[in-house]
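Heads up, the next two complexes both have subunit A, just with different partners, subunit B and then subunit C.
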Partner chain A sequence: MDLSREKLIHMYKTMKRIREFENKAGELFAEGSIPGFVHLYIGEEAVATGVCANLKDSDFITSTHRGHGHIVAKGGDLKYMFAELFGKATGYCKGKGGSMHIADADKGILGANGIVGAGHNIAVGAGLTAKYKGADQVCVCFFGDGSTNQGTFHESLNLASIWKLPVIFVCENNLYGISMHQSRHQAIQDVADRAVAYNIPGVVVDGNDVLAVYETAKEAIERARNGQGPTLIECKTYRHRGHFEGDPVVYRDEEEVKEWLAKDPIPRLINYMLDNDIVTEEDIKKIDEEVDAEIKEAIKFAEESPYPPLEAAVEDIYTDLVEEVRR
Partner chain B sequence: MIKTITYSEAIREGMRKRMKEDPNVLIMGEDVGEFGGCFGVTGDLIKEFGAERVRDTPISEGAIVGCAVGVAATGLRPIAELMFIDFVTVGMDQLVNQAAKMRYMFGGKITLPMVLRMPAGAGTRAAAQHSQSLEAWLTHVPGLKAVYPSTPQDAYGLILSSIDDDNPVVFLEHKILYAFSGGVDLDIDPIPLGLADVKREGEDVTIIATARMVHEALAAAEELSKEGIEAEVVDPRTLYPLDKETIFRSVEKTNKVLIVTEETKRGSYAGEIAAIIAEERFDYLDGPIVRVCCLDTPIPFSPVLEDYVIPDSKDIINAVKKMF
Partner chain C sequence: MKAIGIIANPASGKDIRRLVSHATVVDNNEKVNIVKRIILSAQGCGVERIYIMPDTFLIGYKAIEDLKISKELNIDVEILNMNIKGNVTDTIRATEIMEKIGVKCIVVLGGDGTNRAVAKAITNTPLIGVSTGTNNVYPEMIEGTVVGMAAGVIASQTCNIGETCMRDKRVEVFRDGQLVDIALVDCVISKQTYVGSKAIWNIEEIDQVIVSRAHPAAIGFSTIVGTSLIVEEEDDFGALIQVNSGRDRVIVPIAAGTIQEILVDKPRILGLDESVHFKPTYNGIMALDGEREVPFKAGEDIEIKVTRRGPYRVIIDRTLELAQRNGFFKR
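And then the complex of A and B:
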């Protein structure tokens, strides 16, 4: 492993930022400060982190309803993310998108998405733009196992394959499509098997091992940048929480949950770094404190921000026509 | 320079003009390349611009629309073609939940300059899944603009403005009109979206008609004229944004309104136009607003049945006469 200390620390910090963002989002939702609903990424942090550690700001991602982790890993600002979750004017989307629709064009984040499977073809479009312009850009499409039974999954892999587009399809197989275990929603164990049908590489990786994810993604992204086309990466992982906050989670047994909690990606990376004398306990503590401070500040920013003016409701539907809509 | 060309050629010439000027404009769709398009609209464009810019796609409407969304969101100006408007159902999530909503959901931070071209309408004996008029669905969705030209000149001027627009535009093309010829000034400025056209002036009744029905309305108006009724035929050209001012001016003059579209009447955009007039110009009306639309049936195959359910000039004449 030729990862620099700096890179490892960056990845640890990213995972921690995601984890604490999500912990707080869950608490704030439970106490009623966040309207709507939230789908937390806790447990899956290694996937977004390991993949995005290979990306530049100019690269694109598409995300899902469980998107906070992807956005943090791609460089999202926690202040604007919390403000968006609160429905405030200072949020990424001026409070008009909410948890499931955070986007940041400057960071290549083409949006979280409330429709399961809808990011796939958008990712293919971003890949086409990159190829068409001859730009050194790739697009990573994040999605869950649940979306791999949507037609869009197949359509997008096919199109990216025949056009050899720089798209990396990253399946976060957390074993459940909402309440339905993978063994009940598809007759295969490895989503990566489906790559065969599109004549592209399909790779299975331990999605709770950020280093393995990083290495696997690195190879796929290099392939994409070199014009060798798409790859399907399946990251085996697990969500610690329910599908959404408030989900009674009656569909998983305790043994399974316990087994996966033991594979939590964050302690695993800490142990790796301590065992290899890359960091000290003191270093970890310092990073954790930085993250806590950042989260506190971000929540304060969100709480103190104003709600959008009512006028905002009729803006941004089109680039023009505000007057038309107001009538 | 004015040339006599078909509606189909006019759309192609508009696309050619913009593709020459702007390397960011590209076309994608089923059989749009070598085959030249199911109805021949893209024709020889592939020869001039190559397969990278005139891209054949698999039969995969979700991918066509979704890919166009991703392409537009990242800086190009795609023109996507669906072979028939009926197939938009297969890509509807990508159009309604993605294309139409992204800018708004993302607080105005993403711009989607894309055109989705769709051959629409009946009259080709193609039965229920290749003949529909889905204007109501498309105009119902905030975030989309909708265009439906009736003449080669309008098709040319409106495809230019649709490509120039920074928002998702659904560009409906009536299949029967593809072969219609007319004089087209290839040097005109784009026709702004949201500008109606009075195709015939008259004092006695306003007929608001779209696409192929504009021609049926004009034919009806000529017959009515022989009986002393002068109909004004207003073609909205753009369904959204709708040029209410032109419509209202006509209503204020004639005080009688007939709306003719090829849609099934129930839940039609014709109903929306009627509602707008009723809400905003009720006092100018001498009597009820009348709609002449397709019967509320799927489009039947047998020519005698198809002709029966689709409105024509005779239906319009009969409806107008009852208004006097």
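And then the complex of A and C:
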């Protein structure tokens, strides 16, 4: 498989960008600069990165409550993301959506989503649009293991299968739905087993190996573009942090956490690139510095941006009833 | 004690080959069903105790529970007391424990990869490989009932192991004189440099294939040899073939539903224990029984041999024929 130096460096930089964005978001939340909730993607970077490295700007993604990683990987602008987290008028949703609703139509990002399992239906809609228009587009639907017991998951796989829609269902199985271990909420170990019920391919992949995710997603995306229909890819991964920032995480075993921290996807890619003389330590340092600078600049932009004016509360909404309020 | 062991891999049969080929899908619930059929059939053929490897899908527990509910279980079936990691080390550890217990036969549900893991640990215990992986070469696609019968015959010790089993060949890979890994069927030398999704399918990146057995009726990389030269398990030799060089064009069943034309050299026969030294000019990886496993660097000296140090594999038809002649089935 063709994996150029440029592609590998791009994937490393994307993972690093996600990791540092999340580290900073966690810090800012802890110090009270970010309102609402944040659900960090730290540890799962290889999934969004490996999948989105195969996508074009015109392709779609749907995301989840843990969506920052998907948005960064699909090309979201860190400045507007931080501004949204801060609730500023320059944010992706003009400061009114927060962490869980970031969208960027120009990049095909159909939105993070605070409702568990709500992205599936949107992804099928996007896939139907692409097929109806005959466009060379696919939609990747990211979701967690917890959402695979929702009716939306089953309805979406069924519709995507019978209509052979260009949708790639990517399950980020991090073993927990909030605090509930997968073994307590479903009688299967591999979510990919559910593909057989809808007559679509189901594949399990190491979600902490960006190269494994990349090549699996590449095949599934090509298949979708060729009109062969959807695929369910299950990426086995782990979130390093709790379900949300502030979660005391009393439900996880220390040994389990230790084992997964040792499988951190970022050092794995660095080691591969160093071992194969693709990059030097200096190259890595330079990329890390570039990412740091980008994060600092994005936070500065967000901090210096204004809050939305009071009247913005009744703008961009779907009803005219608020005319009374406006008056 | 007429005891047997069962190792069922819950992870087999779910890799990328479901995308890059038309590979078989065997879900874990079907593995539970196969285990149930093996247990009942072994029980019917006189096995007194069965040990099962614990796994993350709880295949063994589910089989036992179902058989207890249906009141069909009359013998002791025990899940091995071991911590599980949810990876290949479970299979290796379970094999070691079963051998220590002294089971008379180990039944393995999985693909070439699972059988290869068992082969790393097994010594003299006969093995039956049941394919629940990706259209495999080593394990057979065979009904669980028949498997349980053969395991029962082996456990009864009424037939000579020399007649019921064959010691298989294997491909051994050495680095600096140390054995680093084995394959039961094929070792593929590829110019790809990373493990990634483990399975290997891109012909363009393949340099050489070393096989312990080869036949056109198999599926996978060993058929690159097998479409030019048949190497039976009984033959005291293996073979090596250069790929993407030479002058012969052959069509090869490289994966399930995939017949591919490739350029090959004439296969070269490798006698048992004959060393082949491979000195790559590029960084690459060796795929063992279809899975990328051993990375190597340009300039390394890698030694590869085909030996007859593989597992003792139960030849099912022959075992049941011998049992019939010995009156095993008469009551």
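Quick note on the criterion: the second predicted complex is superposed on the first by the 319 of 327 C-alpha atoms of A that agree within 3 Å, B and C clash if a C-alpha of one lies under 4 Å from a C-alpha of the other, contacts with A are read in each partner's own complex, and residues count from 1 in each chain.
Simple rule for what comes next: a residue touches a chain if its C-beta (ideal position, glycine included) is under 8 Å from a C-beta of that chain, and two chains touch if they have at least 3 such contacts.
As the structure is a prediction and not an experimental result, all values here were calculated from the model.
J.: With the two structures overlaid on subunit A, would subunit B and subunit C clash, or do they fit side by side?
T.: By the criteria stated at the top, subunit C and subunit B fit after superposition, with no clash.
J.: Let me test your reading of the model: by the given contact rule, A:Gly91 touches which partner, first (subunit B), second (subunit C), both or neither?
T.: First partner only.
J.: Could you give the angle made at the Cα centre of subunit A by the lines to the Cα centres of subunit B and subunit C, to the nearest 10°?
T.: 120
J.: First (subunit B), second (subunit C), both or neither: which does A:Leu211 touch?
T.: Second partner only.
J.: Which one hits more subunit A residues, subunit B or subunit C?
T.: Touching more residues of subunit A than the other partner does is B.
J.: Where does A:Pro201 make contact in the superposed view: on subunit B (first), on subunit C (second), on both, or on neither?
T.: second
J.: Which partner does A:Asp77 contact after superposing on A: first (subunit B), second (subunit C), both, neither?
T.: After superposing on A, A:Asp77 lies clear of both subunit B and subunit C.
J.: Quick one: is A:Ala220 in contact with subunit B, with subunit C, with both, or with neither? Answer first, second, both or neither.
T.: second
J.: Scan A:Asp247 for contacts with subunit B and subunit C and give back first, second, both or neither.
T.: neither
J.: Applying the document's definition of touch, where does A:Ala123 land relative to subunit B and subunit C: first, second, both, or neither?
T.: first
J.: If you stack the two complexes on chain A, which partner ends up touching A:Asp283: first (subunit B), second (subunit C), both, or neither?
T.: neither
J.: Should A:Asp316 be classified as contacting the first partner (subunit B), the second (subunit C), both, or neither?
T.: Once the two structures are laid over each other on A, A:Asp316 reaches subunit B alone.
J.: When the two complexes are placed on top of each other via chain A, what is the minimal CA separation of subunit B and subunit C in Å?
T.: Between subunit B and subunit C, the shortest C-alpha distance works out to 26 Å.
J.: Just to be sure I follow: which residues of subunit A are touched by subunit B in one complex and then by subunit C in the other one?
T.: none
J.: Provide the residue numbers of subunit A that touch subunit C in the complex, in ascending order.
T.: Going by the criterion above, the answer is residues 1, 3, 188-190, 192-193, 196, 201-206, 209, 211-212, 214-216, 219-220, 223, 231, 272, 275-277.
J.: Would you mind writing out the residues of subunit C in touch with subunit A in their complex?
T.: My answer: residues 10-11, 14-16, 18-20, 25, 27-29, 56-57, 192-198, 202, 205, 283, 295.
J.: Provide the residue numbers of subunit B that touch subunit A in the complex, in ascending order.
T.: 26, 52, 55, 57-58, 60, 62-63, 65-76, 78, 93-94, 97-98, 102-111, 142-143, 145, 166-167, 194, 241
J.: Applying the document's contact rule, which stretches of subunit A touch subunit B when the two form their complex?
T.: Per the touch definition, subunit A meets subunit B at residues 60, 62, 91-97, 101, 103-105, 110-111, 113-115, 118, 120-130, 132-133, 139, 151-152, 155-156, 158-159, 162-163, 315-321, 324-325.
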